[in-house]
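Just below sit the structures, each encoded as structure tokens.
Consider the two complexes below, in which subunit A is the common component and subunit B and subunit C are the respective partners.
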Partner chain A sequence: MSEYVTLTINGAKVKAPRGSSVLDAALDYGICIPHLCHMRDLTPIGACRLCIVEVVTNGKSKVTASCTLDVQEGMVILAHTEKILKARKNIAEMLVAQAPNSRAIQDIALKCGVKQVRYPFRNDNCVLCGRCVRACTEIWQSKSLGFVGRGKERHVALPFDKRPEFCKRCNACIDLCPMTITPCPGPMKKGEEALCGLCESQLSMAQDMQDSCVDCRLGEGFDCVRKKP
Partner chain B sequence: MAIALNKLDKILKGREGSSFELIEVLQDIQRDYRYLPEEVLRIVSEKLSVPLIEVFKVANFYKAFTLKPRGKHLITVCMGTACHVRGAPKFLDEVLGQLKVKPGETTEDGEFTVETVNCLGACALGPLVVLDGKYCDHMTTAKLRVLIQEVRGNAKKK
Partner chain C sequence: MLKKSKNIMKTITNTNDLRKLSEKSKEENKKYDKIVTLCAGTGCCASGCLPVITSLREELERKNLTQNVKIRTTGCHGFCEQGPLMVIEPGNIFYCHVKPEDVSRIVSQTLEQDKVVEDLLYMDSISNKKIPYEADIPFYKLQDRIVLIQNKLVDPCNINDYIANAGYSALTKALTTMNPGEIIEEIKKSGLRGRGGGGFPTGKKWEFCRKAKGNPKYVICNADEGDPGAYMDRSILEGNPHAVIEGMLIGAFAIEAEHGYIYVRNEYPLAVNHAKIAIQQAEELGLLGKNILGSKLSFDIKIARGGGAFVCGESSALMVSLEGKVGEPRPKDIHTTEKGFMDLPTNLNNVETWANIPFIINKGASWFASKGTAKSKGTKIFALTGQIKNTGLVEVPMGISLRKIIYDIGGGASNGKKIKAVQTGGPSGGCLPEKLFDLPVDFEALAEAGSMVGSGGMVVMDESTCMVDVARYFLEFLIDESCGKCVPCRVGLSRMLEIINDITEGRGTEEKLNLLEETAQTVSIASLCALGKTAPNPVLSTIKYFRSEYEAHIEEKRCPAGVCRELIHYSINKDKCKSCGACLKACPHNAISVKEKVYIINDEACQKCGICKESCKFNAIDIK
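And now, the complex of A and B:
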């Protein structure tokens, strides 16, 4: 029997099994905390930082990623304060600058309230969320993929950049990648990257209801007016 | 090109299955082969029961390891702040110009490899150039030229 703890998220009392993460607890209760790298069955690595929340202890608050934060009895979590929304918007902005060629990331950025990207577009086609690496290692036990290099050289690679014979060709790495679905107008070439922000309804929703749900199911975004038939 | 594997057998002796010895093993391979050949790493992965990607990751992470063959002589130019203000970029240009390589590359004859390092922590000795582990302090372009020629000369005599 698992033991339960009670914590407060955005003022709501939430019961969660001990050992689960704050993000999972919030999602179970329908409190949406945007997230990208998180997947329920994989070890959290806190790579995307979208799921940041404020943890209040003794009147002081600390900002931390909720996917790597274990629930504790009496914890007070604030997921949609002004401070958090501002920081999260900035993080989403950086993610979209890093990899604009993803509908999932474009959607998340838009819904986090990003209206313009102040950073130069890198168009690296990878945000190092590690979903592929973790799925390959943990679910499929294949260990064909990994992070290679350090600092800004860090990237996902196959050993010796060749597909190893023990790769099970399950394609989980591709299925789980947020880059698989390109933005509605099609892939963006270097130099013509843009924020896919022409969907007025979404924009006004992000503006008027700042803590509205960010649908984080990858790629299953809204229909975009710029979509090519 | 077939790679002599007898050296590898010696390195791996008694270490089968001890995954924690990965870095030591890689260091020994780097010393004996002067680089980490792909075939050898595949065997290491199997013998130490470490996933191949893990071996590849470690080999890529540390600057001491290289996956491309290194030359017989390694020239390391310190590019730290203290060396920089005393003209390290000039020495690097000198070395690169003489050997006609880029940093991290090896000359065609396989004699020299040129590398840069961010700081060796011996700033008082700067500008610093390390030749095969020997620290050559207070470097000047003239000294450097002589140094390279000496090594070249020795290599020819042999």
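And now, the complex of A and C:
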């Protein structure tokens, strides 16, 4: 069995190590699939659903998240079909309406082509991407954070809402949180939320080069290309 | 009804012993002149069958008839509307709504003198005639009962009863005359598809699991039935747990699995208890354990009780829950047949699917495949509920039309109103309008129409139902039951509810309706598990078939069915009003005033509670 498999993503032949995810393979080749909850080295949970793609087998296509999908020999992936782009844009719109106070999410919305938010803003502090929970559990083996509650009650919490002794104060949870860096103009107060949309360079990139991911660090570094602080 | 397991039995180690036991049990039943079958399913228990059973037992003892008459308390017969039910054999005499005070008449007339007690017979509302025999009742006559009929024939707490009814003979056949490959081939040929809602071909699933690498393999029975108004699985597990166990044994033999679980809702105490007793009795008899019936098959079953989460009925969430973790679905790009419970190959099927297996093995794949449509074979049990005359469980061949189920078996609307729609497939099924009632009930046809077979719920709605309000109700249910893991389901559904609330409260716009539709489509495409993927069905199907109702809410700010509070107005019809003043007295909000015998409802003070309408004897209160 070879160590590498070959698949096509958006028509491009891609070689990826066996066992890696379709999303990682695409990103390695500079094919941009927007994503939020995914981080290399953490177990994928497929929660944000931004990275959905179509997998084509025998002429039938199935929509699934690319972060939880392992590469397979001969796989055919379509990451930017009309159907996917529409759903992805809608998810990004929901996310930015839920938590406009995140530069990362504002960036993602921009990249996904959201130009108008039709839902009333909610200004939440957390989008339950689970980066903090997984980093704490998997990298630091600390398990100081976890998901509590189901459905609309679901939130991230410390055990019994107190910082436990086994918390290593590594701050990984804060570093990885998409909510800690506010949009460039500063935090938005309740009632003043808006779609940021200031990054003109990104805006043009989003429109012209759907596949391109060069220098775009959406959801990874949470950087605004135009206005670096 | 709770019962303890009966005396310890002799272990059976080969098929001969099993046949002997079956014959012995049959002989024992022949000793009795009469067998009184009483339904003691959850439905009949709720309508009071337990006191009936007690008084029947006392009456028989008093009259010294216990040697001649056998009382068989069974699981659900299906005709829950008419409970408590009683069937007397031989003769097939059917009594409904039996009360403890009727028992002495039944004993003295029917059991002693073979006379029928007229007033306990079922009254057919169409022909207006009393029907003495169970087999003649339209509700039963028009069904094709394969699995459900067994409920009437066996006492779920007595394994001998099941064995007397050819129980475990399919297992014998499978173990002695077939090899695993042949069993899987037979199931594949039968065309049986998962009865839990997915409709995945069962034989194929078994084959995947058999071929998967990993040891040990697991077999799971999904009895975490959570759809509002659906209770097929509960009734099978309550009424005939051994059929499920036998199905699982055959499955385990075919897949070469060693361990089994029945994951059942803790809200089903009777089903839990009966399954426990059944497993215990099967173990005592040697039908579960090591080297079953002298074969290579070793298999055990444990019961796991669910904690009440609807999402745990989803296979991957169920398995995670079984492992003792929080029940959340995981992406199924790798099938559970390869990596399921404990990351080992696991074959999960629904209760009804398992219960069908012994029949397919016994009667053959071609017999099973002769029922149903090209792609959906066999029979399916539906739970008929809502505004319909004959609520209960119906087992019909796949491909029967909705109209036949609703009007012929179900007897039509319960209150003389017109039936408007039926919601099939549980909370995430779609609402189909009256004009589509000629659709055949099969997996493809319903999915194409925007609904689904699902696990078999069927909620019938009449013209007093507001379809926007129905969509809102199911959305609320699904938001409560969503696990909250993925964005489309968690955020998308709450956004949809936000918009629907706007529409029902008079703030709807055309743009909002379009946004609702777009959000619904996103949720159905992008969600992680089947709960999310199907959750928008009620909204999408009501928009598709009842768009005019949405438009009335949005454009005219009017609820055509008179349900949505913010959009309706109460007024008094002067022509019908007799100025009796009943409404004035009844109104808790002082919203009704009277001036020179003319009664008026003050729209601002009116809270639309509807008490005035209930109090009016002349039907003079209008809702607009």
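Rule of thumb we're sticking to: the second predicted complex is superposed on the first by the 197 of 229 C-alpha atoms of A that agree within 3 Å, B and C clash if a C-alpha of one lies under 4 Å from a C-alpha of the other, contacts with A are read in each partner's own complex, and residues count from 1 in each chain.
Rule of thumb we're sticking to: a contact is a pair of C-beta atoms (placed from the backbone, for glycine too) under 8 Å apart; a residue touches a chain by one contact, two chains touch by 3 or more.
Only a predicted model underlies this, so the values are computations on that prediction, with no experimental measurement involved.
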item	value
Side-by-side fit of subunit B and subunit C on subunit A, or clash	fit
Partner chain in contact with A:V63 - subunit B first, subunit C second, else both or neither	second
Which superposed partner A:R150 touches (first subunit B, second subunit C, both, neither)	both
Per-residue contact with subunit A, leading partner among subunit C and subunit B	C
Touching partner for A:P164 - first (subunit B), second (subunit C), both, neither	first
Cα-centre angle that subunit B and subunit C span when viewed from subunit A, reported as a multiple of 10 degrees	40
Overlay on chain A, subunit C to subunit B nearest C-alpha distance, Å	6
Interface residues of subunit A shared between complexes with subunit B and subunit C	147, 149-150
For the subunit B and subunit A complex, residues of the former touching the latter	38, 41, 51-57, 60-61
Subunit A residues within the subunit C interface of the complex	45-50, 52, 63-65, 68-70, 83, 86-88, 90-91, 94-95, 97-98, 118-120, 127-128, 147, 149-154
Touching residues (chain side subunit A, partner subunit B) in the complex	143-150, 157-160, 164
Parts of subunit C lying in touch with subunit A, wherever the complex brings them together	309, 311, 326, 330-331, 333-334, 479-488, 490-492, 494-495, 498, 511, 515, 518-519, 521-522, 525-528
